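Okay, got some structures for you below.
Here chain A shows up in two complexes: once beside chain B, once beside chain C.
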Partner chain A sequence: MNSKAYSLFLKDFKSELRTRYAINALAMFIIVAISVILFSVGNEKISPSLTGGLFWVVIFFTAMSGLSRAFVSEEERGTALTLQLIAAPSTVFSGKLIFNIILVFAMNTIIAILYSAMFEAFIIKNFALFLTSFVFGNIGLAVSSTIIAAIIAKAGAKGTLYPVLSFPILLPLILTSVQLTLFAFDGISFERAKFELAIVVSYDVIMLTASYMLFDFIWKE
Partner chain B sequence: MIWKIFLFLLLAFVSVAGIAFPIVENPTRWYEFPLIPGLEENAKIIFFHVPTAWLTVVAFLMSTIFSFKYLRKKNLDDDVKSYAAAQLGMVFCILATVTGAVWAKFAWGSFWSWDPRQTSIFALLLIYGAWFALRSSIESEEKRATLSAVYSMIAFITVPFFIFIMPRIMSGLHPGSADDTNAGPVVNFKMNGNMLLIFFLSLIGFTILYFWIWQVGYKSILLREKLNKKLIRG
Partner chain C sequence: MTSYSVEALGLNKSFGRRLIFNDLQFKFDKAGVYGVSGPNGSGKSTLVKIIAGIIGASKGKIVHKLNDKEIVAEKLHNHIGFVSPYLVLYEEFSVYENFNFFAEIRGVKFNKDRIDYLLEKFLLFKRKDELLKTYSSGMKQRVKFIFGLMHSPNLLILDEPTSNLDDEGKNSIFELVQEEGQNSIVLIASNEKSDLELCSDIIYLEKYK
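Then we have the complex of A and B:
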């Protein structure tokens, strides 16, 4: 089953390399969003707390612009039925999830690098904490947006509905991640941030479990 | 019929008592409410605002339970019940948000201040809104039922996080929150016997009202669907 999920991921990866639709869209979206923020900031000096919030604003909307591709493309090309025949629902979900996780990590790393280059207030004092919260936050983001993308692909309206449906689900994760980013800016130790870290980790675990349990219903529809 | 008259009398009594009974410093007579420092006359909203917030949560829970039932049995009646519950939940959610905001203008000085409970009710409002947006975008009945059931289950499991996160991120202004030194845990000891009694009567009255409207709601939807099918068959 794992090898099947891996080959599904490879198929997505190869077709993505061929068209480069998601990568191009995400890259351009990141550049556009950050430059809009930079233009509106102008010569103002913005505080670290605002920078941390804006960091997650860009991450959220970038994720919303590109991550629904994983399932929507299958429905558009009419290949969803073939996938239903050759693989179990959980395998399909695993393959799509691996693809989205890699996409999220790539785009968020680029956003973080651009932020540290462009914003003076983006100075991370506790890098280990930032990295830990970044990793778990990305996984949670990928899991939630993958399961919502599966719902969106089956529903009629594809583009506009995605952020609307994702935002309430992602809200706990985003709030906690903003808090953790601010902790990393302030150089707060792991010991004091462990409650927030526990929330992010349990969010990941719960969403992952629920997604695997509920995906069968969506996929067979 | 008899319980409808009972419900009418109960809610009429609660409305009159909740609005008209005076708040005095040392209550001696049965119809007098105690003065809660920091709340004063504003305390009376508890008879109307808290039941709406409570029913928002009850409706959300019921909608999720019937969604779960639908996913197990695939009976479209369960989807209709879930839909009727969520409709009412949305109405009560708006009522709770608006009454709370108006109250906050007088008690805290601004309509909205991102208190933990305001943020939670806002998140619930977003979830309800997203749920109805999802439902309206799907034509086929079964597909709509399944997808919205799945979405309401996913939304339901994120709710406990708010309970843990909110108090850490923002400080509470709301009466009854943990770090509220001013009005304190209102329900526990600041209210006297008659205030508690009317509060719980109002809670019971509104809950019965909710179940009644919910029954009427889902039965009317079921009847409409039956009629539609009859018309199509000719």
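Then we have the complex of A and C:
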């Protein structure tokens, strides 16, 4: 199953390189969102807590602008039927998930680099904690975004439905990830952050399990 | 010699309150060409999609068996070839790239000899490296036949197989259907008299309302 999912990921990756379906939308959103924040902040110094919050706001809305493409592009082009004819549902979900995980990591790494270069208050004192929360936060974001994309791909008003449906599902993850980012800014130890880390890891496990269980029903009309 | 069978057990499909067909029963257990016919909106495409495992039935079920052993839904796609006008392949890739990806995603070896044979048969070999978006609708229809046949399926489902094809194209499809019908089950969903003339047994959907 893994090699089939990897082949599906490769197909999506090569397709993305040729069509620029998601990359352009994501890149433009990152540039516009960070520019607007910089213009509105001006010369004022913003606190680390606000910087941490704004960091995850940009991540959330960037994900909303690009991650639905994994399934929406297949439905819009009419190729979803082709996928149903060549792969088992679990293969399709795994392939799309690998693509979204890589996209989320690339996108959020760029956002983090831009933030650390442009915002003075974005100083990470406990880098290991930041990295851990970043990794688990990104996995949770990718898993949730992928299964929600599969649900909304068959609906009419996809663009509106995606953030509306994602917000309540991603809220626990985003809130906890903001908290962990602030802990990393404050240099708080792993020991004191273990409760929040446990929430993020549990969220990832629950979402991943639920997604694999539900995907068959979502994928088959 | 492998034996393949497909059987419908009390199949019922409704969309909301609209009944498409009810208590549909059939069994095809020998290689041959079979048909599904009915007026527009009678559920021909719905039935073949249910048989292919793309959509579910409201009641009843379809049982696929290979050598008397039921095939699980997860592996059904490797036994079925499906061709229809609403099937869309990846236009940003060439024909060769499309088939290469399909083989890899199916988890089977890319059978270059078979693909080349089918490309020659459908007069597409010279254009195999061109992007699919440069093909005409008739050529895309022929590519879909190669897609349906590339993995030598036990059950070949053809939904409106001769749409978009000229007379020459139709004749080569009729030849192919008869050839495939020697070793596998070919199911044609169509209203075209010429398509249905190939079938030894036909399901008339208007009888199942």
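By our rule, the second predicted complex is superposed on the first by the 221 of 221 C-alpha atoms of A that agree within 3 Å, B and C clash if a C-alpha of one lies under 4 Å from a C-alpha of the other, contacts with A are read in each partner's own complex, and residues count from 1 in each chain.
By definition in this document, contacts are C-beta pairs under 8 Å (C-beta built on N, C-alpha and C of every residue); 3 or more make two chains touch, one makes a residue touch a chain.
For clarity, every value in this text was computed on a predicted model and none was experimentally measured.
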Checklist entry - Which holds for A:90: it touches chain B only (first), chain C only (second), both, or neither? => result second
Checklist entry - Should A:210 be classified as contacting the first partner (chain B), the second (chain C), both, or neither? => result first
Checklist entry - A:155 contacts which: chain B (first), chain C (second), both, neither? => result first
Checklist entry - Taking the superposition as given, does A:190 touch the first partner, chain B, the second, chain C, both, or neither? => result neither
Next on the checklist: Tell me the contact category for A:127 with respect to chain B and chain C: first, second, both or neither.
Outcome noted: neither
Next on the checklist: Identify the residues of chain A that lie in both the chain B contact region and the chain C contact region.
Outcome noted: 221
Item to check | Touching residues (chain side chain C, partner chain A) in the complex | outcome: 52-56, 74-75, 77, 80, 82, 86-93, 97, 101-102, 104-107, 147
Checklist entry - What does chain A use to touch chain C in their complex? => result 3-4, 7-8, 10-11, 14-15, 18-19, 77-79, 81-82, 84-91, 95, 220-221
Item to check | Residue numbers on chain B that touch chain A, as the complex places them | outcome: 71, 123, 126-127, 129-130, 133-134, 137-139, 142-143, 146-147, 149-151, 153-155, 157-158, 161-162, 164-165, 168-169
Next on the checklist: So in the complex, the part of chain A that touches chain B is made up of which residues?
Outcome noted: 147-148, 151, 154-157, 161, 164-165, 167-169, 171-172, 175-176, 179, 195-196, 199, 203, 206-207, 210-211, 214, 217-218, 221
